[in-house]
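Letters A, B, C, D and E mark the chains in the order given here, with residues in each chain numbered from 1 onward.
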Amino acid sequence: MASVSFRKLEKTYGSLRIVKGIDLEIRDREFVVLVGPSGCGKSTTLRMLAGLESISGGEIRIGDTVVNALPPRERDIAMVFQDYALYPHKTVFENMAFSLKVRGIPAAEIPPRVQEAAEMLGIAHLLERKPGQLSGGQRQRVAMGRAIVRRPKVFLFDEPLSNLDAKLRGQVRAEIKKLHQAIGTTILYVTHDQVEAMTLADRIVILKGGDIEQVGTPDEVYNTPNSVFVGGFVGAPAMNFLSATVERDGLRFASGDLLPLTGDLAAQAIPYQGRAVTVGIRPEHFSADSAGAAGTLTGRVQVVEPLGSDTLVHLAVGQSVLVVRMPPDAHPAVGADMVVAVQPGRLHLFDPTSERSLRLPTPSSAQAAA
Amino acid sequence: MTAPNRSEGRTSPLVRLLDLSETGLAVLLLAPAALLLALIIVYPVGRLIWTSFFNLSLTSGLPASFAGLENYGLLLRDPIFWETTRNTLLITVVTVPGALFVGLALALLANLPFERKWPVRLSLLIPWALPLSFAGLIFAWFFHSDYGVVNDVLRRLGISGVIWFNSEAWAMAAICLTIIWKTSSFMALIILAGLQTIPRSLYEAADVDGAGRVRQFFEITLPLLKPSIIVALIFRTITALQTFDIPYTMTRGGPGSSTATLAMYIHQNTVDFLDLGYGSALAVVMFLLSMAVTFVYLRLIRAKR
Amino acid sequence: MTAVSTTSGTSFLTGRPLRLAVGGILILNGLFPALWILFTSLKGEPELLRKPITWLPQAPTLENYLRAFTDQPLLLFLFNSFMVALLSTIATLFVSTLAAYALARLNLRFRDLILSAIIAVSTFPLVTLLVPLFEIMRALGLLNTWAALILPYIVLSLPVCTLILVSFFEGIPRDLENAAMVDGCTRLGALFKVVVPLSAPGVFTAGILAFVNAWDEFLLALSFNSNPALRTLPVGITLYQGEFAFPWPVISAALIVGIVPVAVLIVIFQERVVSGLTSGGIKG
Amino acid sequence: ADLRVFVSSQHRPDVWRKAFDMFETEHPGVKVKIETGGNTSELQAQYLNTVMSAKDSSLDVMILDVIRPAQFAAAGWTVPFNYTIGDTKGFMAKYLPAYAGANTIDGKVVALPAFADAMFLYYRKDLLEKHNIAVPKTWSELSAAAKKITDAENGSGSSRSSVLQGLSFQGRAIEGAVCTFLLPYWSQGKDLVTNGKLTFDKDAATKSLALWKGFVDSGVAKPNIAEVATDDTRKEFQAGDVLFAVNWSYAWGQFQGDQSAVKDKVGVAVLPAMDGGKPASCLGGWEWGVSSYSKNQGDAQTLVKYLSSPKISEFMAVNAALLPVFPELYKDEDVVKAVPWFGQAQDVVTSAKARPVTPRYNEVSEIIRTTVNAVLAGTMTPDKGVEQMEARLQRVLR
Amino acid sequence: MASVSFRKLEKTYGSLRIVKGIDLEIRDREFVVLVGPSGCGKSTTLRMLAGLESISGGEIRIGDTVVNALPPRERDIAMVFQDYALYPHKTVFENMAFSLKVRGIPAAEIPPRVQEAAEMLGIAHLLERKPGQLSGGQRQRVAMGRAIVRRPKVFLFDEPLSNLDAKLRGQVRAEIKKLHQAIGTTILYVTHDQVEAMTLADRIVILKGGDIEQVGTPDEVYNTPNSVFVGGFVGAPAMNFLSATVERDGLRFASGDLLPLTGDLAAQAIPYQGRAVTVGIRPEHFSADSAGAAGTLTGRVQVVEPLGSDTLVHLAVGQSVLVVRMPPDAHPAVGADMVVAVQPGRLHLFDPTSERSLRLPTPSSAQAAA
């Protein structure tokens, strides 16, 4: 049993509150990905779980034991540090073998395990080097290898692949997924890579300034963000936000365009009749042909960014700039007007002040209901 | 894939002991040092302080009698106490910065990328490895007006030699030079060790930022060496305040007692004159002096944090 | 982020002649007295009184070395000194490593106070503590044993070693230690397997200081070990002199025999210990 | 019983060992073990002071420099011999007279002499003969002689490779400097301490210091005489660079050694007197004391009496060339045969006076030697020196 | 003038050749992005240009001067180090101000410049902190800030944004682009991020094991890769490679599917008639509906990865597994058969042994021509 639970977990540095009372239950064998802006407390949370940072408030359990006072060694976790923390005086092999040796694994078992991990990470030819003789990505892979040679109760990964190229990252990601399926260890994984988060996670936790903003499956956080923050944070390029007024027929934008609302969205908008809402539309939910679209928006092309696999078009609509994802062969002329269709039902509506999704009961109404 | 490994079952009771709270562990770790210090220093020092309140002169033939602060009063009126204290402070004020600068220079030079490092390292070590008592003798001989190599060199340069030990100023100068020579390697050793831990990448960054050597020295080397330098300074100062062997062997404090130090005076009073009471009082005063200095330095360290 | 800080290559001081000159001055400063002793040890006594003085020995002789070995059991002195210094160095390093770690890493409330107290200890000149120490050693039955010297020598070097190590330990990134703890080490395990090896230059320097402190010490060695079989080098060398006689050449020979091998040993050791160390484990 | 005896290793412990062996055969059941510590008077004192301050019982018998018995007795570290030797006066009278004084404190015999020593005037027989000058009897004669000879020897056309000094004596702040001061002082018939009381004669003292400073100023002694320690005098004389030298007895053996440049050119004489005064020398030598912390004081005293007997004194003179402590031994056939120059030494030894016998001798010594050193270095005038000396001595010997 | 040129640039560590004779001309004001697998020598090349690593062979020019022997500070470059190399004893402000101070910028000018850079990077509130008190991403931003406060001849960026979240990365990327347009400094930029490479670069240089594999505009390297390596390395998810035999009608796959070839591709394939070629198809160049497609491939669905913005379907076709990018709402059943259409003209053909594009003259024929 290696579920992990945080109860009102807090961390303060002096008067700075860095982690502000997190509650989170991670099930045994669950793969949880932690995302959030730089400096929001992801590493700190991981480090508290590992026992490297004192806990200022609340408690952490691994399985059924409160580990607040347990030394790191006894929590049986493995960790990839964001800054690698390789032992500079040991070779790559020794770095990776160290925890096995310390934990009393029979000497004969160690080399094959290290070898296996090293091969998986493509660093088998570097085993005799010292960290100082490695490239950045190689160091990061050693840090990764050091964690995965072990079979701990919980794995903690702090941006383990940030310095790897896309191809290698894809490979290692696949290996991590396999590893997780094979040994089913609980994993807590910090990343800034959307694809990693979406493909690896059972659940994604979005942190913001030391608070949990939303927890959910990749699908949930992507498709039903709870707030402007989550909507804007998950997904790249980021969701576009526009202000609109709710009218009887739908949403009226500053540009004069009208987008009719249907189904759920229409229901959500009812209490906002005549008032402004924030509308979120993802770049990939526009299309050039308006067949079957809910409505269209018109704007002026500002920038065209061909990415190879797609083309991003920056479109000035009223005061806002929308980023629209187009197929790679789209080449709209800069300065020209362009009409984009919005796919039906793909809008997200948010309260402009609380920035929370209209899907959700408003905090006050929730209170009233409770 | 092997089964998950569970290791905590093997934790031995001894290892458990080491998982005490931070304070518990700290107490455990400090215990050996504390015990040794208590045995070798605290108890004797207690006796020393106790003795300083007694009239205890073994040459008087009288039994020890409680004297209160009499020894301390005596000391304040003792011109030799003041003279030796003045000499000691002079030596400290001259040789500590002297050794710091020379030591710093030596360390920086020794840290240059020589193809062969060992001759440099050896020349750093030899002064330090030369027993103190003999260093004094050797330098007394170097400064000897007839047979000394210093005067010989001066004469070869066409300067008539000085009778170093016939003059208070020259004798003091010779002593200070010797002390600086002998102790700068202590400084250099500590500073060199500090230098070796400064990551090279910082110099690379500074290079790219456009800082020249001198700038790098003041902006990177020196600030990062500060802890090492303070450690070296603390101990150099304390040992300077305790200066004994070199003037003892070079001049015996002469001419007159113009180069005698407080430590020599304490030694004289306790070991030669067997005036344990008075000697102890002197030692206590010297201790207070060094403590005061130490506190100033510790302030400096703390200011850093 | 690689290797230790040999200043990275630019034009200043990299010119070979200049570097050699600088090295030469350095070596001269350090080695001149040693060289002078070496020359002296090869001279006959009358040559010392020649005026003007001679630099190189005019009629080199090894007789002084012969006398150094035959007049007194020089090798025995060396052995004693070496063992006492070595054992006390090891003990000092051990004790001060533990203490330094506690002071550098554990959050102690009275940290500064403890640190000051440890330093304060070294502010007492040993001279003044001779008699009570003698009594302690007698009470412990340690007179005329190595232990009688080793114990006070540990204390002699403990403050400086502790302080050096504290400053080094504070410089080791905490994450390296954290990594070791996550890997399954106890704090002490992390200390000895990661922190200490990474502080090698500091540990080594502390070691040299402790070694040389013990190697140099005269007063206690004279007072606590009157058994000739236990004499250390500094005491032993004084035995070459008499009340009135100070045979420089013989004493020089004994000094050379005493110092040079040790210094060379330390240098060799240092090259091995310190040069193997590189950084590059952490981003920062 | 086992007796542990502290001997200095410079004084022929190998020969003493033989004396102990002789004792052991005469006293079966007693075993003597030798301990050594430090090789100079100073190092030995440091060692003994430590051991005795700690009331350690590991030493039974110790050899002491002649200046120390008073201090050891005052500290209660030695046991008096009065009970063992019975007739104190009669017993002590057999020794050279100065030793009776040095070892008797307040009527108690606190140590017994081991061997003797004194300061001698060494001179270059060959040079005095060459310039036809007699051995000087007074310091002014010596000064004149020195000037004359050195002028001639160092003058133009001399073949000397180094300068000939007129007189070498001890100006460094060591024990020898105390004797340096006392020689002319005593020669004026004054004593420094009488019955434990200070009897400082400022006039005599000033003359003494002025005399030595005069030698420096007039070039008879070299300008850096303040650097000169006992063995420097010996070495320079031995190298042929000195005409007259004040030194202890050990120098003789060295001057006549094979390494010496002055072998067979050395004369030895009683030290010169001040004008109108008597010659005086400085008494040296070593004494045996029994530790009051000894657990075998009886056997220890027996041993010391044995070691301080004429038999052993002769044995040591013959085998170790240590000056005897009994006057008659200076004419003893065996002794003179073994060490012929002892014949000339008796006058000097009998003219020797003990340095002040006081428990606080070390302080007295310190005061005198630093003053002498400062005056010779020229940082203090003789008048100032005497003034300071008196003030400080008064504080020590109230 | 701050063009940069490498001529036969080499770097060896002992017997290891790390950089193997690079020839590259970077024009003044050009923005060149360096990509390549981990350990291929990117950082080493940058460091040689900066003067931090000795040059084992060849020469480097900045403008018209050979800088091989010039110390770093005289090369007038600014650099973001992959491992940050912040000064641990200086505050963030001091870290950033250092180079200005050193270069004698008037004291009054420094704070505003630092402030400006800090605000752009979102670290203005951290100026008084020491690096040890920052999160990983914050440190990286300080490293970035330290470089951009200056106006050097050449900027060197070594994965400057790898630890930032997608949103922040997008912002900073835009700022870098603006900066480049505003001051027009020559920039050499290492990144593993496809979007960064595509959007920022004037030209992309692809390194492989110390050699240049291809140099070209983003469009060129994406659409006309010279080799299997470039094809596979640029673009995420990576290009799919399949083996096929060239028949008269087109390409015949092991699965039996036939893809007709037209135009250029048909011409390229002529010499390979009857022989095997490697076919590269990007995941985004498949589509579910076969209208207008060149042909179809049939496979069995192995894995479905919903990424939010897209869905990746892993399709077993014969021995190979294809990754196909589908719209987010595609949910094929795992285990089911699926037919995917290949967009016309979107194939890449490579020689199976030399792995070079058939577009290019074969090395041997090139030799023959010369």
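The working rule: a residue touches a chain if its C-beta (ideal position, glycine included) is under 8 Å from a C-beta of that chain, and two chains touch if they have at least 3 such contacts.
Here the structure is a predicted model, which is why all the values come from computation and not from measurement.
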{"item": "Reaching chain D from chain B through chains that touch each other, fewest steps", "value": "1"}
{"item": "Where chain C and chain E overlap in contact partners, by chain label", "value": "A, B"}
{"item": "Chain separated most widely from chain E, comparing mean CA positions", "value": "D"}
{"item": "Between chain A and chain D, centroid-to-centroid distance (C-alpha), Å", "value": "94"}
{"item": "Cα-centroid distance, chain D relative to chain E, in whole angstrom", "value": "94"}
{"item": "Geometric centre distance via CA averages, chain C-chain B, whole Å", "value": "14"}
{"item": "Chain centre separation (chain A, chain C; CA means) in Å", "value": "56"}
{"item": "Set of chain B residues in contact with two or more other chains", "value": "7, 19, 146, 199, 201-202, 204, 207, 271, 276"}
{"item": "Overlap residues in chain C, where contacts from two or more other chains coincide", "value": "1-3, 8-10, 48-49, 51, 130-131, 184, 186-187, 238, 277, 279, 282-284"}
{"item": "For chain E, residues that touch 2 or more chains besides their own", "value": "52, 71-72, 81, 83, 85-86, 88, 136"}
{"item": "Chain D residues within the chain B interface of the complex", "value": "45-46, 49-50, 53, 71, 74-76, 172-174, 222-224, 226-227, 359-360, 362-363, 366, 370-371, 373-374, 376-380"}
{"item": "Chain E contact footprint on chain B (complex, rising order)", "value": "199, 201-202, 204-212, 215, 219-220, 223-224"}
{"item": "Residue ranges of chain C touching chain E (in the complex, touch as defined)", "value": "1, 8-11, 282-284"}
{"item": "Parts of chain B lying in touch with chain C, wherever the complex brings them together", "value": "7, 15, 18-19, 22-23, 25-26, 29-30, 32-33, 36-37, 39-45, 47-48, 106, 109-114, 117-135, 138-139, 141-142, 146-149, 152, 155, 181, 185-186, 189-190, 192-204, 207, 213, 227-228, 230-231, 234-235, 238, 241-242, 244-245, 263, 266-267, 270-271, 276, 279-280, 283, 286-287, 290-291, 294-295, 298, 302"}
{"item": "Of chain D, residues touching chain C in the complex", "value": "6, 8-10, 35-41, 43, 46-47, 50-51, 53-56, 58, 161-163, 230-231, 234-236, 239, 241, 248, 250-251, 259, 261"}
